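Structures are listed in the sections that come next.
Look for subunit A in each of the two complexes below; its partner is subunit B in the first and subunit C in the second.
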Partner chain A sequence: MAERILMKGNEAIAEAAIRAGCRHYFGYPITPQTEIAAYMAKRMPKIGGVFLQAESEIASINMVYGAAAAGMRVMTSSSSPGISLKQEGLSYIAGSDVPALVVNVQRGGPGLGGIQPSQSDYFQATKGGGHGDYRTIVLAPASVQEMASLTIKGFDLADKYLMTAMILADGTIGQMMEPITFEDAEIKTYDKPWALTGTEGKRKHNIVNSLYLKPDELEKKNFERFEKYAEIEKCEAMWEDYMMEDAEICVVAFGIASRVAKNAVAAARSEGIKVGLIRPITLWPFPNKAFEAAENVKAFISVELSMGQMIEDVRLATGCRKPVTLCNRTGGMIPSPDEILEAIRNAGKGV
Partner chain B sequence: MKTTQILIAGFGGQGILFSGKFLAYKGLTEELQVSWLPSYGPEMRGGTANCNVILSDTPVGSPIITTPDVLIAMNLPSLQKYVDSVSAGGQIYVDSSLIDAKVERDDVEVFYIPATQLAKDEGIGTLANMVIVGHLLEKHPELSFDGVEAVIEKLVPPKKAALKELNMKALMLGKTYGN
Partner chain C sequence: MAIVFEKPKSLTDAPFHYCPGCPHGIIHRLVAEVIDELGIDGKTIGVAPVGCAVMAYDYFTCDMIEAAHGRAPAVATGIKRCRPENVVFTYQGDGDLASIGMAETVHSAARNENITVIFVNNAIYGMTGGQMAPTSLPGQVTQTSPYGRDVNHCGWPIRVSEMLATLEGPEYVARVAVNNVKNVRNAKKAIKKAFENQIAGKGFSLVEVVSACPTNWGMTPKAALEWVESDMLPYYPIGVYKDRSAQEAK
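For the complex of A and B:
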């Protein structure tokens, strides 16, 4: 077995990206994700890669767009206010069908907000963020190990479907250290005949562009893109079930909130409450199948570090047939296991 | 299931994060599940630092500690802030050269170690943190002093090799204090 090493979540993302073949990183520092840029600054020059601190977040996402168009595995990372600045570029990347990995280690908002952990960019990540009809694959790691494995997965999905994959983490998972092993993960590579690599006079030139002035052509393009999205919704949803076999109450939580929620679920089980946890790993596509399987559940609790954003997807996934309550903290605060336990007890009274 | 939740708190510059890292690596070498979570917020800029370390033989749930089994307090504000959160039957380690106050609880075990003074007397004034860690490894039933050299070896970068010996010296000071 590979050696267990201790690493910060942010560093795990950077190391995994390099192992996945990423040789181009463009970013701009912001707490709590700066370790990613620092790691890349140290490593990239040694392995023939490019680390570039751009003059702004807007510049860095457009550098990502350029490198992606040239067929490179490329990434950028930031935290909430910085990700807002990148939205225009993300929309262009979506409209051009090129692959990129974007990391958001969330902090409290809106505005400059704070620097403590948050999950309040859920809407922005899963519902678009930029303008136009498009989707982003959103992966939500809950451990340092997953920071690495989902980064590798993210690059793969981005290349496979020619779109942006986003790692939606938070300040806690980014800053914490846990043991991690880098097994020899299988890294798939994809032919990119569409990439702008220079024709060498041997082929017709490629064009990467998001401008379609003829509406019928743009509509056709959007229809095609949504066929691809439908395929992703069918094939790529990921989630974890925890103590769900006989659960009558179901906690739904992702990322750091799911870690705290697991403690609360274990405590509630010791009180004899039949409670389980669904942890979405992909936030888009949302794992609706997990909820179809949970037909014996009588009440759901969405635990979030926001004013309640994922709860809308939980309601949709359950067809609004079951009560869904919210247990939340915001602004950089994290609920204690006791607060979640209390929410579970309250839900239990109604069952 | 054995889980030890350790909260280390003090001023920035006292090596709070480093001693937490040491304990996390110690757990790693003993094949335990571990997590290490530093404070990175505005309090870091204001001078106080803290660090949550969990060592467990089962997967770690939340890395955030609300009721520590062990508190290491390296200054008075930290002791005052966290003393009541320590679980009954837990342990509190106090740097008594920096903190005059006594712990007024009878359901926890308290160790007063003049760590900063001990370290200063030996000319290793900045390693009071490791003096306390040495004492902790000796006194905590679930932890052990064995194998600390390997952990120091791992944590101290080659460029600062001289610090290895000094860290070992600090750990030994804590181990033997009170004997």
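For the complex of A and C:
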């Protein structure tokens, strides 16, 4: 039996990354994710790894790009304003097909915003963020345990598909403490014949590059990459159903919002309202299949810590055939179970 | 200018896309000759910039990566920290290294990152068609300083080598030129030293190569080399600005 340890969400990410074989971390301080850097700074030198505080988020993501190209499991972490600065590097990483893990412990925005938890980087994370035709795998943990397990999963997906996997967390899950277990899961490693290792005079040079001056070549490359993305959409979507069997109302929420929403769903059930919850675990690919199965649902409620971003994907997933309402707080505020319960009751009136 | 008679082994057969008379070709050859002489082609990893030398990845036979504009030193840092046994170099222009990438330059120097930086200062943005660079001279006419660089309006050109030499971090900072045979020979010596330093684990070694851009300076290759001598070198004097090991040996 693996032991139960009490850990902060941010530390769970760091420890899980190390267990996944990550030995290179590059970052720049920002609240509320600093514990990840602090943990790495302490641990990496003891295990033959590298922790380096870069001069900016721009530099740190480009260090990640170099390390990824060198064939290493590598990560960086930041929070919203810092993730904005990393977009250039994320686009280059996408265009060069190298694997990386990026953590965004979101805080409220826009601008310098605030340091309280938020989910308002949903669009940035799931729709691109940087320039060009590309996708990012986005994983949304809702517990400290998932901070760990999705970090390990994220490294695996990044290596498997040669792209960025992002952990889209929020300040609450980053800061909260919960007991977790690290199962001694087998860590899969991948051959990286494309990596920059030096030719040793034994092969033609490897080139890691995102420049294609001939439009037909760039188009071909983008088509190929989107075939890969289609495969991911088919195979990698993850979600949790909660009380969905007979649900007529469905709350959709991820991350910290889903935990509050679960309480509200349970309370509504005790009032006899047939309500369930779909909790997307992957935000891209969005778990559309979960909605296909929810054909008896008559109304959806998207619960978000933003002005309503995921709601667009919920509408698409329902084919815009069912009413979808928004129950939200923003700017670092979190809805109470009662606010969500009220939204469920209101939706119930229409059913 | 034919001081190189044979193509170095560390250059591929791909023909250079550079304009006729562009010193980028000479500087590539010098780097490749040094790689050949040190026998390090098999363990070298090069970082190409955004600028005229963006396709350097096609020209060198070693493993190569293409970095975002100005980020080459950060990318090189990432590689070198993963593979300290490899030799990692960047090849960057003045817009790349001294404008958009100045933070990456200064901080990799301050960390004494054990990499080699080849910095090609041609006082202009070559690739985008001749705009003012952070190194364009006072009064220099460019597409974006059509009346000549007015230092009261847009500031003074940056002497990168002098500035970096004020830092405690870097091991070696030197400025060379490639406008005549003698300077080319000395440029090669400095480049070799910058690679040897890395192999010996001494740290950040940058060679600023005062170059030319005949195309965007609107000059013949010959006139451009003369302008290097008459206008560039007085503002950007050749010399070794920092050599920690030599200083410590004294």
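One rule holds in what follows: the second predicted complex is superposed on the first by the 351 of 351 C-alpha atoms of A that agree within 3 Å, B and C clash if a C-alpha of one lies under 4 Å from a C-alpha of the other, contacts with A are read in each partner's own complex, and residues count from 1 in each chain.
Operating definition for what follows: a residue touches a chain if its C-beta (ideal position, glycine included) is under 8 Å from a C-beta of that chain, and two chains touch if they have at least 3 such contacts.
Computed from a predicted model, the values in this text were never measured in an experiment.
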| item | value |
| --- | --- |
| First (subunit B), second (subunit C), both or neither touched by A:4 | first |
| Partner chain in contact with A:229 - subunit B first, subunit C second, else both or neither | neither |
| First (subunit B), second (subunit C), both or neither touched by A:207 | second |
| Contacts of A:286 with subunit B and subunit C, given as first, second, both or neither | neither |
| Which of subunit B and subunit C A:172 touches, first, second, both or neither | first |
| First (subunit B), second (subunit C), both or neither touched by A:32 | first |
| Subunit A residues touched by each partner, larger count belonging to subunit B or subunit C | C |
| Subunit B - residues contacting subunit A, complex | 21, 24-25, 28, 33-38, 40-42, 60-64, 66 |
| Residue numbers on subunit A that touch subunit B, as the complex places them | 4, 6, 31-32, 114-116, 171-172, 175-179, 256, 259-260, 262-263, 266, 332, 334, 336-338 |
| Sites on subunit C touched by subunit A in the complex | 12, 41-45, 47, 54-55, 57-58, 60-68, 71, 74-83, 86-87, 103-104, 106-107 |
| Contact set on subunit A toward subunit C in their complex | 24, 26, 50, 52, 54-56, 58-60, 62-72, 74, 88-89, 92, 96, 196-202, 205-211 |
